[in-house]
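Okay, so subunit A shows up in both of these, paired with subunit B first and subunit C after.
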Partner chain A sequence: MESVIRILKNANKEQLLKKTLEKVHDNQELCNSFVTIMDNAKLNPESDSVLSNIPYVLKDNYSTKGILTTGSSNTLKDYIPPFSSTVYEKLSLAGAIMVAKSVMDEFGMGGTGLTGHTGIVRNPWDTSLIAGGSSAGSAASVAAGVVPFAIGSDTGDSVRKPAAHCGIVGYKPTYGMISRWGLLPFASSLDHVGVFARTVSDVAIVVDVLKGKDEKDMTTWDSSNINLEAHLNDSVNGKKLFYFKELCDISFYENPSDDLKKVIEEFNNTINVIKRIGIDVVEESFPKELLDAIPSVYTCISCAEATSNMSNLTGIIFGPRETGNINEMIINHRTLNFSSLIKRRFIIGSYVLQRENQEKYFVNALRVRNRIVRLMKEKFNNYDGLILPCSASHAPKIHGTTDVIRQDLATLENHMAIGNFGGFPSITIPNGMIDGLPIGVNITGNIYDDENVLAIASHIADSMPYEGQIAGDNK
Partner chain B sequence: MDFTKDLVDKFAKDLLIGLTPEENKMVLDEFKVIESGMDKIANIPNISEEDVMTHPLEYDNVSLRDDLSVRELSTEEVLQNAKCKTEEEIIVPKVVM
Partner chain C sequence: MKLIPTIGIEMHCEMKSFTKVFSPARNTYSKHANNHVSEIDIALPGILPSLNKECIRKSILMASILHCKLPQYIYFDRKNYYYPDLPKGYQITQSHEPIGVNGYIDVPYNDGVLRVDIHDIHLEEDTAKIEHLDTESLINYNRAGVPLLELVTDPVFHSKEEVIAFLEYIRSIYQYTDISEADIRKGQIRCDVNISVGEEGGPFGTRVEIKGVDSFSNIQKVIDIEVKRQMDLINDGKSSSIEQETRRFDEANNRTIRMRGKVDAIDYKYFVEPNIPKIKLDEELVKEITSNIVELPLSRMTRYKDLGINDDVVKVLVRDRKISDYYDEVLKCSVDPIVLSNYVATNIMGYLSKKNIGIQEFKIEPKDLGLLLNKLQKKEISSKQAKEIFEATLNGDTTILKELDNTATQNSNTEELDGIVSNIIKNSPKQVEDYKNGRTNLFNYFVGQVMKETKGSANPEIVKDIISKYLN
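What follows is the complex of A and B.
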């Protein structure tokens, strides 16, 4: 599908900016997507850059010099960074205009969009539903047609799950393809920069601008030989995808819900569409015990890394300084300003890192991570990618949704963390509707194979009627 | 080591975090799920022989960049986030009592 960004390239940019800011305020009222709105945003001198004067939304965990950066946490509610993230600098250099910074789950720890310090984010398709998280406001603003693209971050599925719930495209490239300098860290070995848009072409365009080695982030690598947009139309005839029968065969579920049955039905419809465009899709098996271990492995690793990464949030260096002696200041700061979810994650992270617990929890989690990634890479020797539904239903209701880890948490809701375990390129595209609400399908490929993954996603999206949709357009 | 209410409070204290009784219970409930998952992991065949994976990519050509002395921040920028300050200094809490 033609890129929205390229269509806007020839628009009257003054009118575009004015109209976009109006939409930002409308969306704020409808969905509460934003922490900061840049009402004074100005046009840049027009240039040849594809992003010249294209408006966008930035998740509020990217440092922006002189502009409030909160991570949607009370602990940073008045923090103004003295430096900018590489992502923000590259977009500014390309002439793009940041029109707002978006609400997220506090520090990216959550999958609902309900834990930001400025309130919950609502789904523009139905405001009684969550937008998904953690990049909730970024997803909601793209889905509502406010901006052609938005930046998110993805540690477990925080771009790809909200993309599914909001009926848009969400892509996280191979680990280290985009610099994370200036991104507030959650779990460093899992954190990725990600992009939302309504078309595959648009996420390709934005990542082409953002990618590249950065001396400030030693996990970045030279991707100068990669051009995502240029390869979107490469032939996909003869490509091969696989899916896990353990997740996609309804007979593996006890008492499946009606929503799950519909998700699987839409998935099978999508498989048929994919086969018709010349891509082979094969059912494969994956050790059930490894799939079932994904939520626990993710929790152990991410909580352990987060506990370490966020130990500087004391209220002494930045953030609201509380009263008392130095210990009381820190205790009061962390007690009063962290949400319940963050406190719980820190305690679990601290527990699994205790010397006497490390082997059972943290080290075993790292071993399972290795085995899952090793087996995935063996699959990628024979296949171009893994394709799976993104969740067991459309976006759930706000009322009743929590971030509490539940015993019955379905593996289907957590499998996308595989993409973070291995640093694999992974993209969500919309693939259907259930009761008038969007759902998505996810495609994950081998590291460094981003061009191939995006070309496959682009051809599949082109074969279905959901790419480019805007929430509310059919009402 | 069993994960108990008292242990949750001990870890909270070590982390300089205060918990309500409800938050303490939520930690315990969540941990039961993780514990159950990790027990299953411990029983995965030959898992103890598996290498650990701390990072998604292998970097075999990483070198430290040279240190460069540059002046990044002005005094004004340094003071920007400090709530307690004099004209050119941040007032820090008393550490030695």
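What follows is the complex of A and C.
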């Protein structure tokens, strides 16, 4: 589908900005998507850049010099960074206009959008539902048509899951393609910069701007020979995708819910669509014990890295400084300002790193992670990508939602972490509706194969009627 | 039974580098607090480490000098703990794969050599510096992120003399190789001392660690005090009360104090730093780095001793690489090595210490000193003249030195000089008479006249012979 950004290129940018800010406020009222709204955002001198004066939303875990950056946490509720993330710098340099910074689960640690310090985020399709997390406000604002794109971050599925719940496109490129400099970390080996938009073309355009080696992030690599947008229309005839039988065959589930049945049904419909455009889709098997281990492997590694990454939050150099002697200052700061969900994860992380536990939990988790990644790479020798439903249902209700997931659905709800384990390029596109609410399908390919993955996603999205949809447009 | 102490050393030394090990802030001494600090050093949210290549090169160099086994991949670990001098809440260090392991170094000791086994050497970052005042504490982050090399020996020392010989030699290697200034006054060297006392030939006793000793003289004190404490306990039959523990030196009261025991040892929860990708160690790079190792002091000492220079002078020459380099430069002018060594060790060192300057500020170039000493050696100038030229040059008058250089082709033509001398004698009847009447110091007047006539080119020995012939 044609890029929204390209269409807006010739719009009256002054009107666009004015209208966007109005929509920002509407969306804030409806969904509570934002921590900070840039009411004084100014137009840049119009340039040749494709993003010149295109408004966007930035997740509030990207450092923005001189502008509040909270990570949706009380520990940083007044923190104004003296330096900018590379993502923000690149977008500013390209002339894009940040109109708001979006609410997230505190420091990205959550999948609901309900744990930010400024309150819960609602789904614009139905405000009794979650938008998904952790990049909740970014997803909600793109789904509501506020901005053509928004930046998220993705450690387990924090871009790709909310994209599915909000009926939009969510893409995280290969690990290291975009610099993480200035991104408040959750789990460094799993953290990815990700982009939301309503079309595959738009995420391609934005990542083309963001990607590149950055001397401030040693994990970045030279991707100057990659041009995602230019390859979107490459032929996909004869490409091959696979899916896991263990997750997509309804007979593997005991007492499947109606929602799950519909998800699988829509998935099968999508497979048929894909086959019709000349892409082969094959059922494959993957060791069940490895699939079942994904949530715990993810928990061990992400919590371990998180507890270390967030040890700088003591209130000594920045953040609210508490009283007492030095130990009390640190303890009080962390006790008073972190939510209980985060503290629970810190305790898990600390536990699995303890000398007597490390081998059993953390090191074993690393081993399983490596096994999964190795196996996936073997599959990628024969396939262009893995395709799976993003979730067992449409977005769940706000009321009653927790991060605890039904055991039998745990793998279906968490498999996208495979993309983080291996640093694989991974994209969610909308592929159907259940009771008028969007669901998504995810495609994950081999590292460095982003052009191929996006071309496939683009062709598939073109073959279905969901790309480009805006929440509330049909009402 | 005979009790002997066994000692192992962990030597932390701040590395010299343009920027810090993981940040672009300058690594330099500053009298002001917090003026060499980047957002990385104070761990603002979202920072990432950028590994300094210069520090890696210097680490590889030192590991190679210590004959260590280098790793296949270089990577780092996080050492996690909370302390206000550690802004990130973890220190980036090398725990799983140090830059070098299982090495050794030969240290000059007494008149021989002491071989010290090296457990490992690794690269890490320094912490900030805290100053505790009466009612508050101040933190200076200039030191946060300064590269540190931590060198860990096996428990191989049995006396403080051995320990000090080792530390001094390592310090001189750091200085020779420009890896570190290794300046104790600037607090660049800190040591943890591990001490146990046991029966000679028997198993080691219980190990006690004394942390953060900051000078060589304190290390000697700590060894004396702790060895005595442990020996007294053993001799009193209380050896079981020696606990595996960490202590610190209480300088004011000249004792060591318990910090924590084994049971409350900190669990640092080490794990691999995810933000620094593993770097495959390139053999070519190692070759390139190690092919340029400067000649180390032990090798120079051996070489100087072989030249016949006495031990005390050798020590003076190698104490500072720049002195030794200067010596070697002058030596290239084929001067007598022993004469030169004495000249450097007494005249030059005396001058430098009097002026309180380093050899790099010394005004006589090695080749000029070579020339001067050559003239002296060939008796073309007297040692008195040499001294005068030496002093004149240092006082800024380089003309004599230049003249000396111009007269490199010396006039030793006896016939010609004979003519000149006879003319002078003929034109100086009064001086000749005074001389013959006993004013023998006038002899030098005639030498001077000849030198003046020949613009200093005459061979003074021949001139003297001829003058004697005429006058006596």
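By definition in this document, the second predicted complex is superposed on the first by the 469 of 475 C-alpha atoms of A that agree within 3 Å, B and C clash if a C-alpha of one lies under 4 Å from a C-alpha of the other, contacts with A are read in each partner's own complex, and residues count from 1 in each chain.
The rule is simple: a residue touches a chain if its C-beta (ideal position, glycine included) is under 8 Å from a C-beta of that chain, and two chains touch if they have at least 3 such contacts.
The structure presented is a predicted model; accordingly, all values stated were derived computationally and were not measured.
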item: Touched partner set for A:N370, first subunit B, second subunit C, both or neither; value: first
item: First (subunit B), second (subunit C), both or neither touched by A:Q354; value: both
item: Touching partner for A:S63 - first (subunit B), second (subunit C), both, neither; value: second
item: First, second, both or neither for A:S85, with subunit B first and subunit C second; value: second
item: First (subunit B), second (subunit C), both or neither touched by A:L183; value: second
item: First (subunit B), second (subunit C), both or neither touched by A:I330; value: both
item: Touching partner for A:G71 - first (subunit B), second (subunit C), both, neither; value: second
item: Touching partner for A:Q15 - first (subunit B), second (subunit C), both, neither; value: neither
item: First (subunit B), second (subunit C), both or neither touched by A:S308; value: second
item: Of subunit B and subunit C, the chain that contacts the larger number of subunit A residues; value: B
item: Touching both subunit C and subunit B, counted on subunit A across the two superposed complexes; value: 79, 82-83, 189, 215, 218-219, 307, 314, 316, 318, 326-327, 330, 350, 354
item: Sites on subunit A touched by subunit B in the complex; value: 78-80, 82-83, 174-176, 189, 215, 218-219, 221, 287, 289-290, 292-293, 295-297, 299-300, 307, 314, 316, 318, 320-321, 325-327, 329-332, 334-335, 338, 340, 343-344, 346-348, 350-351, 354, 356-357, 360-361, 363-371, 373, 404-407, 409, 420-423, 447
item: Contacting residues of subunit C [partner subunit A, same complex]; value: 39, 42-51, 78, 80, 82, 84, 87-90, 137, 139, 267, 269, 271, 274-277
item: Complex interface listing, subunit A residues touching subunit C; value: 61-63, 69, 71, 76, 79, 81-83, 85, 180-185, 187-189, 215-219, 304-305, 307-308, 310-314, 316-318, 326-327, 330, 350, 353-355, 358, 362
item: Subunit A contact footprint on subunit B (complex, rising order); value: 1, 3, 7-8, 11-12, 14-20, 22-23, 26-27, 29-34, 36-38, 40-44, 47-48, 50-57, 59, 62, 65, 72-73, 77-78, 80-81, 83-84, 92-95, 97
